[in-house]
Amino acid sequence: MSETAAETPTYSYLGPVGTFTWEALRQVPEAAGATWRSVSNVGEALDDVVSGRSVGAMIAIENSVEGGVSATQDALATVPGLRIVGEYLVPVDFVLVARPGTTLADVRTVSAHPVAYAQCRRFLEAQLPSHGHIPSASNVASAAGLLESTLADAAIAPPNITEHHDLAVLAEHIGDNPHAVTRFVLVSRTLGLPQRTGADKTSIIAELPDDAPGRLLEMLEQFATRGVNMSLIESRPIGDALGRYRFVIDLDGHIHDERVADALLGLRRFSPNVLFLGSYPRADKRPVEFVPQYSDDVFTDARDWLRGILSGEPPLT
Amino acid sequence: MSETAAETPTYSYLGPVGTFTWEALRQVPEAAGATWRSVSNVGEALDDVVSGRSVGAMIAIENSVEGGVSATQDALATVPGLRIVGEYLVPVDFVLVARPGTTLADVRTVSAHPVAYAQCRRFLEAQLPSHGHIPSASNVASAAGLLESTLADAAIAPPNITEHHDLAVLAEHIGDNPHAVTRFVLVSRTLGLPQRTGADKTSIIAELPDDAPGRLLEMLEQFATRGVNMSLIESRPIGDALGRYRFVIDLDGHIHDERVADALLGLRRFSPNVLFLGSYPRADKRPVEFVPQYSDDVFTDARDWLRGILSGEPPLT
Amino acid sequence: MSETAAETPTYSYLGPVGTFTWEALRQVPEAAGATWRSVSNVGEALDDVVSGRSVGAMIAIENSVEGGVSATQDALATVPGLRIVGEYLVPVDFVLVARPGTTLADVRTVSAHPVAYAQCRRFLEAQLPSHGHIPSASNVASAAGLLESTLADAAIAPPNITEHHDLAVLAEHIGDNPHAVTRFVLVSRTLGLPQRTGADKTSIIAELPDDAPGRLLEMLEQFATRGVNMSLIESRPIGDALGRYRFVIDLDGHIHDERVADALLGLRRFSPNVLFLGSYPRADKRPVEFVPQYSDDVFTDARDWLRGILSGEPPLT
Amino acid sequence: MSETAAETPTYSYLGPVGTFTWEALRQVPEAAGATWRSVSNVGEALDDVVSGRSVGAMIAIENSVEGGVSATQDALATVPGLRIVGEYLVPVDFVLVARPGTTLADVRTVSAHPVAYAQCRRFLEAQLPSHGHIPSASNVASAAGLLESTLADAAIAPPNITEHHDLAVLAEHIGDNPHAVTRFVLVSRTLGLPQRTGADKTSIIAELPDDAPGRLLEMLEQFATRGVNMSLIESRPIGDALGRYRFVIDLDGHIHDERVADALLGLRRFSPNVLFLGSYPRADKRPVEFVPQYSDDVFTDARDWLRGILSGEPPLT
């Protein structure tokens, strides 16, 4: 490895080249010119970050159709020292590809990652009602495999697949849901916080103190009483027993927003186990809306008022 | 006035000597040896404090049978610069007195303060079914008047009346409710806070931001989400229109308790108008109970945790 | 008593003729032509209703400046078998009257009911700074007394006083607050419910199950989760010990509104002691506003849905 | 098909014989002697029920380590006319099997269903650090395949595999989590409700009315204000856009419990889309605990009280 290479930062992503994760990483300006390291699962990507081998890992966290990516959520809950520093959206669009010369009528077997396969069910049932499915490890491996083996006649892959492989497109936009999108996060080991932009998200993972009825309600009140909106809440099993969950939560706003910081204080007092995953700009750049009652200056004024009382200053009210 | 007298602090109370308010002031160690100034209503007592003529005013704030004393609550809401610094309880006990030589059978008219009169209704109906009532300005004036005029034959007064006036007791414990008690507060202009004792009360007055449904609920959540109990909530008309109220609230705990201070911050952010009336030891010295989740160290830990995140320190969780 | 008189219904009111209560009773169409019975306090008025002597009693329940009328609230809480059937508003307006020939400059002593006296303080301080106050039993007795005794030079009375007594007006509109208004309710023993008008009020009195923190919040949630707004909540001591309260509550809407009925069911399950005081048209005739989510048909639909499930019908959703 | 066969009910399950689903179906007394139909995924199983081909389908709904089974949750949310009628638990325990004569040292490649593979990671890393993974379609197919192909040397399978196939056990209890368990539900088309046992569960799926902050809190209050505990809440994407979720919820209790029925009424009024999936006995037979305030007779009493008021009966309180 040359000295220059040693200084080039590395980013890990679920490869190979052409996957949706790769598309997500293309959206990161800092990753341009960096070393891109293709890995085969979330655990490997996060290990790279923890070990310092990579400065960042791009990982899928939610799909608009399939829901939260459990492996990612569980890894973020258990691997210490990680921070989410950015969010990226990639539309989920599929093509059916084959070795040049193949026609749709020739297709008997389709290679596809199980998730992609499930998302193209309607097309497959209509156009290839009697095909067989050969599972593949990724959306790109499915297509790349066509060139190495004749086990499959066609493959489901992202549209960019033809940039990387000499394959013919048999059908475009074959996904069931034209609005499907996958949400990715860039994870790093940095402890510095991305700047507040006004269009931010804060991710946390928290456990309830016990199983008493109404505990989840109490936890959500920590946000509601500060006017903080949740854009996501998912329960994930803690894993030690059936019925014990942790909650993966996305809040509108940045920890530098007073209302978010105060909600986190309340949450930390309530929950025996809170993990702050990060505050970072939203992918959709949509500014966070909140009622004026929860603006920063209201918090500052209240603190000044309390400080005045505690220090024996004359009341101003 | 001698120089010594000039240096003696003055306390105002609803007089004359012998009233329940006078009994309450007797419970204040600092008032022993001070000048006691008898006034005729709450407004005068508070004026004395505001003007600096008195260092403190003892005023009735609640009766266990009659409820909150509206005049006191409204005065505290509108006279600026006041602080409650202590709470005192006086049992409400009445005797029927008359000029020596009078017997119960001789009594045709009874002089009594309207509130005292209402609290002895059962005795009066049973023993003096056909008497007439002559209203008096105070529980002592009723009795003192017997010596100046023969308009009334008997008077309702506190038991201590015979220490001050040459009157005969015709009947004892004539109040309807043997457990009746009046709660007094000592009000001053000091801005220093009485020390936290662990058995404290905090009094506030707050308005709701608007008339939207559920607003009171939202206000109470400020206390509930910090584990702060209310021992009193009373609504009082703001006075500008029917249906507009302010709320007089007593909280368990001292503003030096983290959970109370945090609840006050939340309240101040929520309410357009919050008045902090004081934190002071409870008259009954009963220690405040709260669940450990809301103890001071939980608040301190949460702040340390947040500070760590904001400053980029490694997470400890 | 003549036969005709025996058939004429009787209404009790705090008299004599000319009081604000009398003004309120004038607003009741059914009372025109009935016998009007003047009584001297709330207890007497309610006794008339309970005993059947009167079909209705008009009683003051709240003043926009002074707040709730404790005696009324406590009587409604403890006298069984009563129902509020109507609500009436009377503006609080005062004049200063005197025997003909008296001028303002002649006035040394003023006769006034203590509450009226308190509401004219600003006028009195400005115009009659050194007057003496002679308390009277009612706003009319104050003025009527001028004709019987010369103890007082002037009296505070309602504007209509000159219709009933030969007195001269020295000053008009002398109340401190030009918007002051008193709210009255008509109480009867009927158990039939006034028809729903869409501009109704429902009055209840309820106790909390125990002193646990957050109990009041829980009670209010019974209303909030059904979209029912409270226009009034007042705490009144139960009277057995300091710190034990019942709550007097006015809700927007009629018990024939599904959301109100359902909230009452929830309240009844929560509270060990609920008293339904009545559903009746609002004095201000302002239609009750509520979000469509809480309209009657939403309740009906939900019940139909549940009934379908319980009876084994195919789900329609 | 013989007449006898025509009368034998059919149950569908994720096969083949020996899977955890098969173990779950063995717990259903009614399934003994019935026809068992092996299917290859949840969709097929539910189709069997909807079409009437099977009277019931056993499907996995949650794993204590992996969490909710998304495919099942989404199918229940979208396939109409289904009801959960029973719940079953199967411990997740794995063995490593091979063709007789193979030793652990011989193993280069392991066939395993991806989920099973993930749950045995620790064993595999310790004992077979350099093995390759060959994904299989089920926990039984992995092992059965050993007898048809030599692609894999060993397979991860349930302990009962040796009852069905001539294979040797190389290692037992190889799962990472000794307490892992999978929860199954039996789904049918019946609309009759299983009897209330006192140890019941009610499953529902509901959407929020809109994206306003605090909406989830409002929904949970429907349960909390009736003392109904949630044992599960999971969000699942509705699928039409990122950020739109439905909630899969398990409640403690049976729809024949008054508090559950009332909570469902509240939920139905709140949510634009509620699906009742069923009330059925809990697998663990643990009686539902609730505070007496929410017992059936409290609901009945409240209804009687309200009915009395509405019908004009004298109040009993």
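Annotations for the structure displayed:
We just call them A, B, C and D in the order they show up, numbering each chain from 1.
The criterion applied here is as follows: a residue touches a chain if its C-beta (ideal position, glycine included) is under 8 Å from a C-beta of that chain, and two chains touch if they have at least 3 such contacts.
Keep in mind that this is a model prediction, so the values were computed, not measured.
Identification of common neighbours of chain B and chain C yields an empty set. Chain centres here are Cα averages; for chain B and chain D they lie 60 Å apart.
Centroids of chain A and chain B (each the mean of its C-alpha atoms) stand 58 Å apart.
Once the centre of each chain is set as its mean CA position, chain A and chain D turn out to be 27 Å apart. For chain D, residues touching at least two other chains, in rising order: 221.
Contacting chain pairs in the structure are A-B, A-D, B-C, C-D. The part of chain B that touches chain C in the complex is made up of residues 62-68, 70, 89, 118, 135, 177, 179, 181, 183, 213-214, 216-217, 220-221, 224, 227-237, 239-243, 245. Across the interface of their complex, chain C is touched by residues 80-81, 191-193, 209, 218, 221-222, 225, 255-256, 261, 264-266, 268-270, 273-276, 293-294, 298-299, 301-303, 305-306, 309-310, 312-315, 317 of chain D.
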